[in-house]
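Heads up, the next two complexes both have chain A, just with different partners, chain B and then chain C.
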Partner chain A sequence: MNATIDDTNTAPNTAPNTAAKTAHASGSGEIRLVNLSMSFGATKAVNEVNLTIPHGSYCCMIGPSGCGKTTILRMVAGHETPTSGEVFIGDTMVVGQPPVNRGTAMMFQSYALFPHLSILDNVAFYLKMRSVAKDDRRRQARAMLERVQLDHLHDRMPAQLSGGQQQRVALARALITNPKVLLLDEPLSALDEFLRLQMRGELKGLQSELGITFLHVTHTQPEAIALADMVVVMDNGTIEQAGTARDIFDKPRTPYVARFMGAQNVLTGTVDNKSGTTVVLKTASGEALEVPGDRVNASVGEAVSVSIRRDLIAVHRAETGSTGDVNTIEGVVEATEYQGNFVKIGVIVKGVETFVANVSDQAYFAEPVIPGDKVRVSWNIDAVHVLAKVDAGNEGSPYGV
Partner chain B sequence: MSSDRRPWTFFVLATLFTLFVIFLYGPMISILILSFQGPNGSLSFPLRDPSLMWFGEVFNPSRVGDVPGAFSRSFPLSIIVMLLTVLISVTAGFGFRRHFRGSTLIFYTAIASLIVPGLVLSIGVLVTARFLGVSANWYTTGLGAHLSWTLPFGLLIMFAVLGRLNPSYEEAAYDLGASKWQTVKEVVVPIVFPGMIAVALFGFTLSYDEFPRSWLTIGTKNTLPLEIWTMTTNVTSPSLYALGAITTGISFLVIGAALGSIYLIQRKRAGL
Partner chain C sequence: MSERRSFITQLQVAPLTLVLFLFFVVPVALVVIVSFFRYQMLVGLVPDFTFKNYYDLLTNPTTWALYLSTLKFTLMVLVITLVLGFWLSYFLVFHVRNLVVAIGLFLLCTIPFWTSNIIRMISWRPILGREGLVNQGLQEVGLIDKPLDWLLFSDFSVVITYVHLFTLFMMVPIFNSMARIDKALLEAAIDAGATRWGVIWNVVLPLSKTGIALGALFVVTLVMGDFAVVKVMSGGLSGSATSGMFNDLQFLNYPRAAANAVILLIIVMLIATGIFRLIDVRKELVR
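Showing the complex of A and B:
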């Protein structure tokens, strides 16, 4: 079981310390989760989570299915009541309150547009529930539809709209409640690739225009990286790491995050030699890894895990490099995949999971390798990032354990 | 070789299906044809001097049974059964959505009641009513016996309909500030309305032509199916067929109206 991580300790640059927070504007869309837990029978879907999402930020929660991200979203929305813990929006503890009183609005994964109402009446639904006169609510709903460029379709039924249009209607229907927090449950998963990229841009633009907090649940890494001011990586009901997209991508805290975000190779060794500016780690298979000394706290004999970004690794045929170098590992090419601007090379290294290098297309075609070739992968000492947690297996690996 | 030529299996299956449809509707078509029998025609084929005289005969209580009287009991009974079936099935369906403790047991008990033979149930209702001092009438014991037949069907349909209702609709309504009652009125009922029409249709038709459960429970005055049954034993004219044609026609009208309204609702939703 992973320990609960409070982002206020682990990601100092994203959120101020919760204890120091005292007053907010009444309209603040800051979301604060305090020791939040949710159990379904014996399963702890969410386990003692602490998190502060600053007002006006775009926060993406990411993790494999069943990690608890959607449950957190639903607890913030008021569609699920926590087993224990508190949810604050602004300064108000909102557990037990209906969504409208919380100032939240949710966009459902399947959009949940009411099939028997025209899109105008779908958008006006909130106003109708508040007994706003027909003419008035239709006028407001049309203004909102105009905002999502769908006013010309206001008398259509939801079944007549494309996926992207339906999503915009769902967005308009949520925004007409004038929320402080917009909650999005995998909003782009039902769209094809092209529309997904387009809507992704529109969501981001809308968020910065409105200045309200967006909490967006996704299982797609590039989506989280592209959209979020703050990325929250979850696993097993706990937060693995919360931080800026750049931190999550470039400075993962744990082997899980390093692998899950899909851009890093994880290696583990024991501290062999600690002298001056470099520390030497010895892997189980005997290779020497050099790490900048100021990044390692462990003493000699202790295990340390490091990650190296795929795009900072060079691949050369075994006969061209010199042997016995540090930060160099020998292996056999398993597969190559042309990606346009780079080539993804999978290398089987003894004692390690498949090692992946993303080599620029120029570098690759200057010295192409094919599956079965013996190669030497190497990297610069500065590319080595030390993880705060020793690798316990293949956690977070897309290849499984 | 042309690509749109149909394989031989198509013709085999089409023939088979045609025979199946004839098998289903053949008997009814025979009755319909023979209801136009002439004055000298018999109860069986051939059809001689087609006429409409037996249709007139149906409404002549002295010659045949009391058809208008039987209809005046059957029709209101079916309407009441229909309304109660919709009301009870829909509310029960909503109740079962909450998966309360013991709900599965109650559901299976309700469905299993369908296997009780109708005639036996009819006797049971009569005996129980006597014991309780209730007189047998179409609107008391008859109504109860019919509901015991239509409610399990209604419940099954509502289960299927509500089972397909995405809970996100209710959550979305809640998210947009609707109260529980507003959610039911503005969202859930409109969405499941076609299913409710289907329940109504079942309630009506099952009650309208119910014989076994009516046998001892409707008291001294017959409903339509019992009247027809009585006529088969003492009426020997084609007016029997004319009556069959008329009642079948009424059933088809009701079914047509129900399916037509479902179709119109779906069409409106598709925005056509």
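Showing the complex of A and C:
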């Protein structure tokens, strides 16, 4: 109620009858988190997080369950009050403000549609709370349902809809508030694979069409990579890395990110020789790794971790080639998995976790290997990416420690 | 094969059917039959088919007064237990975040049920009586000079006892309905700009309807069928529909008592129908 009055007062350039609709259309949807912390008892769910999400970007937060990503989302939404720190949306500090005044709208994981209301009334709920007349709010809600192609079902109850349809209703219900920021809590996790890919495309299309900020929490790497302008990888309540999808995927900053994004092998060695354009690392098991010299700052004797993308690794039988080559490691094939356009080969290497290579199907079938085969894995020196942090174990490994 | 299966099915439902038949259908049928019998002083029951019992009852102003009094109590108790039951449940479900604490508090509500209805009813007398706790307390504080008479043996004491006895019957079904409400729905409503009252009115209340209907049904049947509370707590000053039957029974006028019972049954069933018209419990339960 207050919000309606405020809006009409502070937005004299908009006609009063459309004030509710355009209340949040102006103003920036930039999200800025400053030293944001959240504790539940003794556990710190979110620990001193600083992050700026630019206006109009699609940001995906990704991390294992319990990493604090959903808590951050809920603090931005106003459903959780931070223990300390600040949340800015645009230029406004929003901590302590009710959700409706923040210009955010949230799409819940389980959609949270009101089961006792038709989908039309679900979508119109926000307008009802703003005391918009019944005919008017139903007309606006139908227009919004039309936008998500559900107008023909407007008198159905949520339980009569499929998962994908329910999600569209949830989307319509969020968008009718005309938000600056749309918050999505694992929106695709309840859908089957086909629908997930379809909705993923639609979300992305919608975001570029509306030009508002999307903050999307997910635990699925391909989803984050495909959707996001900005990916934020989280672990234990802190941000491991925030950057473009390409940066996160191709240039992970830490071993955790390299492993968590699922596309990298991490190797650690000490600097053995630093001469000119290449630096040689010696691994614990004695293999020599060559690394482009301009990427290493460490001096001789210091430990350095590197990552190598799975798809830039070649696998050959041990008989071919010779031992002692640089950037070549011997191992035994543990498992192979045909993925259609590539074959995933797990190789057990002494002193390293399981080493994974994604070999193109042509390359694989030209020289097939089966579990138990002795192989040599090798890679080009340019494929080696130097991590900013030395590996401290199998952090982020999908295989666990 | 199908014959055999239908036989097994019939065998499986037989015990319940038998119990319902023996202890529900037969007694009700007997009451209905007896309500048409004739009553003769010193003799008692005389088989007959007469509407005299009904006629006598419906033309007697005492019957109407008793039914009105019962309906009045029912309505008052319904409103009070509804308010109490709703807010107690609301507190337990949505405010107590710790599930263990919520269950503990819920069990606390059931403690009075560890003693019998009679004892819980009688225990109000030393509290509300002329020399009771309340009167003495108020006198000592100096709020009143002489004891309040309307505390005990009054409509007040009847209603307070009913509320004490029956609030839990209202609360449990509402609690059950509320506990099944997804908490995210409340957040979704707040997200859409609903105030605390907006959330309660637009989300919690509609989704608690089933519980409210069931609770109301419990309270209505309990109050309408009560006889002891009114008699004890009003000190004989008020009566209920059932006390009319009790009087008839004392004079061994079974036919008129039976007719009265049939009337009461019809009224309660009408009220129940009304409640289920308002709220389709079966539809809500399968939701």
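The definition used in the following text is that the second predicted complex is superposed on the first by the 375 of 401 C-alpha atoms of A that agree within 3 Å, B and C clash if a C-alpha of one lies under 4 Å from a C-alpha of the other, contacts with A are read in each partner's own complex, and residues count from 1 in each chain.
FYI, a contact is a pair of C-beta atoms (placed from the backbone, for glycine too) under 8 Å apart; a residue touches a chain by one contact, two chains touch by 3 or more.
Predicted, not measured: the structure shown is a model, and the values here were computed from it.
Chain B versus chain C on the shared chain A, clash or fit?
clash
By the touch definition at the top of the document, which applies to A:R156: first (chain B), second (chain C), both, or neither?
First partner only.
What is the contact status of A:Y126 with respect to chain B (first) and chain C (second): first, second, both, or neither?
both
Thinking of the overlay built on chain A, is A:G211 touched by chain B (first), by chain C (second), by both, or by neither?
In the superposition, A:G211 contacts neither chain B nor chain C.
Is A:G372 contacted by the first partner chain B, the second partner chain C, both or neither?
Neither partner.
Of the partners chain B and chain C, which touch A:P98 in the superposed model: first, second, both, neither?
Touch partners of A:P98: chain B and chain C.
Name the contact category of A:F108: first (chain B only), second (chain C only), both, or neither.
both
After superposition on the shared chain, which partner residues are touched by A:H116: those of chain B (first), chain C (second), both, or neither?
A:H116: touches chain B and chain C.
Which residues of chain A are in contact with chain B in one complex and with chain C in the other?
77-79, 98-100, 104-106, 108-110, 112, 114-116, 125-126, 128-130, 159, 173-174, 177
Using the touch rule from the top, collect the residues of chain B that touch chain A in their complex.
166, 168-169, 171-179, 182, 186-187, 190-191, 193, 265, 268-271
Residues of chain A touching chain B in their complex?
Those in contact with chain B are residues 77-79, 98-100, 104-106, 108-110, 112, 114-116, 125-126, 128-130, 156-157, 159-160, 173-174, 177.
Which stretch or stretches of chain A touch chain C in the complex?
Interface residues on the chain A side: 1, 3, 77-79, 98-100, 104-106, 108-110, 112-116, 125-126, 128-130, 159, 173-174, 177.
Which bits of chain C are touching chain A when the two form their complex?
Going through chain C, the ones touching chain A are 182, 184-185, 187-195, 198, 202-203, 206-207, 287.
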